[in-house]
Amino acid sequence: MTDAAPPISRYPVPALEAMPEDIRARILKVQEKSGFIPNVFLMLAYRPDEFRAFMAYHDALMDKEGGLSKAEREMIVVAVSAANQCQYCVVAHGAILRIRARNPLIADQVTANYRKADITPRQRAMLDFALKVTRQAEAVDEADSAALRGHGFGEDEIWDIAAIAAFFGMSNRLANFTSLRPNDEFYGMGRS
Amino acid sequence: MTDAAPPISRYPVPALEAMPEDIRARILKVQEKSGFIPNVFLMLAYRPDEFRAFMAYHDALMDKEGGLSKAEREMIVVAVSAANQCQYCVVAHGAILRIRARNPLIADQVTANYRKADITPRQRAMLDFALKVTRQAEAVDEADSAALRGHGFGEDEIWDIAAIAAFFGMSNRLANFTSLRPNDEFYGMGRS
Amino acid sequence: MTDAAPPISRYPVPALEAMPEDIRARILKVQEKSGFIPNVFLMLAYRPDEFRAFMAYHDALMDKEGGLSKAEREMIVVAVSAANQCQYCVVAHGAILRIRARNPLIADQVTANYRKADITPRQRAMLDFALKVTRQAEAVDEADSAALRGHGFGEDEIWDIAAIAAFFGMSNRLANFTSLRPNDEFYGMGRS
Amino acid sequence: MTDAAPPISRYPVPALEAMPEDIRARILKVQEKSGFIPNVFLMLAYRPDEFRAFMAYHDALMDKEGGLSKAEREMIVVAVSAANQCQYCVVAHGAILRIRARNPLIADQVTANYRKADITPRQRAMLDFALKVTRQAEAVDEADSAALRGHGFGEDEIWDIAAIAAFFGMSNRLANFTSLRPNDEFYGMGRS
Amino acid sequence: MTDAAPPISRYPVPALEAMPEDIRARILKVQEKSGFIPNVFLMLAYRPDEFRAFMAYHDALMDKEGGLSKAEREMIVVAVSAANQCQYCVVAHGAILRIRARNPLIADQVTANYRKADITPRQRAMLDFALKVTRQAEAVDEADSAALRGHGFGEDEIWDIAAIAAFFGMSNRLANFTSLRPNDEFYGMGRS
Amino acid sequence: MTDAAPPISRYPVPALEAMPEDIRARILKVQEKSGFIPNVFLMLAYRPDEFRAFMAYHDALMDKEGGLSKAEREMIVVAVSAANQCQYCVVAHGAILRIRARNPLIADQVTANYRKADITPRQRAMLDFALKVTRQAEAVDEADSAALRGHGFGEDEIWDIAAIAAFFGMSNRLANFTSLRPNDEFYGMGRS
């Protein structure tokens, strides 16, 4: 095992004081809420315009009212991130999933094999679709939407599933490229 | 072949008049510049917040000053979109690539097999890396960056390649999911 | 972008005068008809016996009377060649497809993602089968033929689809191996 | 989420009293040591002869003196089981890995993407090889062993890595086939 | 072609006299029965404890009374070993399959493409399932068992199919890793 | 196992008397030489023009003087056909390979895993390249030819390897599509 404090990202992390005001404000807010700064904020702060667009996109998909539950959204993120082998997203969103679902087991189950997780048939269909968007989007068609409607999903929820899978597919690639390191705090959150 | 005017997207397209002011303004601006409205704007207008974040992200990566040339950025988009079998992105960005590169052949070459395209060894290395981010981001590491630096790319350009590949990976999935149709205008642009 | 006139093939191209009479005659005939000599003729002329067998096979499959339309045969060629990433075949047969189908958009659509192309359900089934022959011929079985019969294809047409897919699978491999370069003329043909 | 106590295995689990004496003894011993009975013992008890052979094989590979450390053996198990999407093995051996390595983070890191885990270059080489045995054993050759020797591994340790990867490849398939459920106790073990 | 007598295994093969008594006895017994010592015994004798566990597991699955016929068990071994490209297992178990099935053609048919072999629909379903366990065990579910029950397989036979596929998946990896060489005797056995 | 004499091909086989004279003559000649009619001749006779082109192509590649030995050509056919899971080609050309190489073991070795076969490093390089043409022709480039030249292959031999791999890739697809059955005679040929 290595000794030195491992870097957060392959790229430089700007000091809080050196960040544009809006970015610093957003980061201080999440720090206040979580008790620590999730490393994705620090990695992206190296690129302020991308930081802003990324966060706006994230919020549009993950903080939207109605439709999929917060836990279901995180379930999609964890399943997609496991398929893409994104360590940061699996660990960080695994923590959020445990909290949102009030279930200490669910994240590790979805990470290892979502087909064996303690989820409903409706959630299983949701994740099957998210994985198809992830791995074979070129073959997604109306039959996929029909199957989801058969489980009670509306067209807007279907868009949400696809868009969350697509957005985190991007996020997974960025995190793998920058070797983004999950904060130690995430590993134990929501486990009891 | 089918007869009816084919739909732009599986989802409803809002009327220009019904769109939020900022979105309508952006669309009218692109229409003025291009002579038509690229369908991706209309598809995304169904979701105003996602429209705004998508366009902000797009502009941060594609309209950035310095570093990769505009043609090189489009080359990445076309190579990645071909790998992801995204019809809209291949056709629309193929048109833009022809124009940016002032080369009527380049887009079809990159689409079919970028390894055989009329590109420099440096551009070949750029596209090899963009494809690795697309297909195997979990294995991207420092050796990939070293190889790119050997071709004269700086760390910021390397980030740009990875980020463009990741962003259009998202875009490709959304376009395939919504069955986004390329405007007829794109096919012939920049061919003479 | 490179400056020197790029080579047609990794292998030497014999002079017209040095070719066997029958091969020169065939080449002059296609030149008269098309206005230029498609490079595949020059590449293969390096191997006269293979040239003859290749052209005889090609004609038996592509110039056969009855059954699939000429446009449908080219559609198969383009879809298979795109899957095999064969630049020559995608560009050259894309041109022929546009002309045969009198449709300037169809080739680029089929190249990028045939599932989103302006084709009939019958043609979609035809291409799905051609792709299965291309990628998973070991699993082709009677159920595939039954599905095609359900779309009105006869057994002889089904053979044609499979044989065209198989023949161009060979052609794609030869063209990729020799780095066969598409003639510039193909790119713009049939686009207006 | 589902309500009923979920089954341990798709197959019947014999009562402790109904098991052959040697199997019951082994199970009581592990229960005494761990405080609970890992479900793999109960699943396999349905087939006493396979139970005995499995445990003998397991002990020969995992409890062997010398060579790879206990933590390294578990690291191999977790990396291979993640690649094979085996929920039981990832969760159960993830717990054992945390304990053996006295590291609460290591199991989740290896599960998500072992290339980004806090491991030494020697351990990275070990896991690269274990994954090659898992996914492409037909191409393993002397060059793989030479690379491992370059990291200080002896021929017997190289056998151990391969044999552990192969054995847990079997174990992963059995667990996925029987839908073997990880005990709830494993999830939190070794996390603080 | 090479001249020297090729090695049986990348690892040393102990002399019969130097082996533990039980292992020597087992080997002498198989030699008496077959007329030669199958090389897998010699390769594994390098590791006595693994030898014992391997043989115990093998016998529990392959010599079990009732259920699948001996020929069917070998059919599974050959199909799985061909998928895993294990030369030793394909050649050695191909020989045994020919003998058990009293069919000189069956082993080569199953090796090349089991879907085209002279087998019953029930056996085809059995091999389809064995291959799914081999290649995609993470997606095996109750529907697979239901399909097999529809062909008359009982739950215990279904376990046997899965366990044989899993065990020989391990065996294939060990044989590929050690470059285990098939005895010359196997190639011609059962061919007339 | 099935009882009825199994069909040679999914398509009708014309009677010898009903075949065009040149095709009947070719078939009678091979029958005289081999003692039986290989089924591929009967299957293809259903399509006389394709029969002629196929045989002309086959002869141009396989009966050519100089360069690769006859045994090496068949080795390529067997390795490629095994990768494509073509039962007819593996069994029929396996027989021819045994005879050409005067080696009763070589065909089964190459079929199962050519990397473990009794071949020279030069032949190993030849088969690695044939497999790359088979599976990833889009990435074949000058470096592949350079590697082969390093093993003493000339440019014309390299063309032969690629062309044989490409031609039998076509042949494999046709045989799998028509369910072409190997003659029983092939299985035992050249085994003693």
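For reference, chains read A, B, C, D, E and F in written order, and residue numbers begin at 1 within each chain.
Keep this in mind: a contact is a pair of C-beta atoms (placed from the backbone, for glycine too) under 8 Å apart; a residue touches a chain by one contact, two chains touch by 3 or more.
Note that the structure is a prediction, hence the values are computed from the model and not measured.
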Check: Common contacts of subunit D and subunit E?
Finding: A, F
Check: What are the chains that subunit C and subunit F both touch?
Finding: B, E
Note to self: Need the most distant chain from subunit E, centre defined as the mean of C-alpha atoms.
What the structure shows: B
Check: If you average the Cα atoms per chain, which one ends up farthest from subunit C?
Finding: D
Item checked: Mean-CA-position distance for subunit B and subunit A (Å) -> 24
Next item on the list: Determine the centre-to-centre distance between subunit B and subunit C, using the mean Cα coordinates as centres, and give it in whole Å.
Entry: 28
Notebook entry, point to check: What whole-number Å value describes the gap between the mean CA coordinates of subunit C and subunit E?
Noted result: 44
Checklist line | Contacts with two or more other chains, residues of subunit F listed in rising order | finding: 85-86, 113, 138, 141, 176, 179
Notebook entry, point to check: Chain contact graph: line, ring, star, complete or other?
Noted result: other
Notebook entry, point to check: Which two-chain combinations qualify as touching?
Noted result: A-B, A-C, A-D, A-E, B-C, B-D, B-F, C-E, C-F, D-E, D-F, E-F
Notebook entry, point to check: For subunit C, which residues count as touching subunit E in their complex?
Noted result: 138-139, 141
Note to self: Taking the touch rule as given, give the residues of subunit F at its contact with subunit C in the complex, in rising order.
What the structure shows: 10-11, 47, 49-50, 52-54, 56-57, 59-61, 64, 84-86, 133-134, 137-138, 140-142, 145, 155, 159, 162-163, 165-167, 169-174, 176-179
Item checked: Complex contact set, residues of subunit F against subunit D -> 113, 115
Notebook entry, point to check: How about subunit C: which of its residues touch subunit B in the complex?
Noted result: 1-2, 6, 81-82, 85-87, 90-91, 94, 101, 103-106, 108-109, 111-113, 116-120, 176, 179, 181, 184, 187-188, 191-192
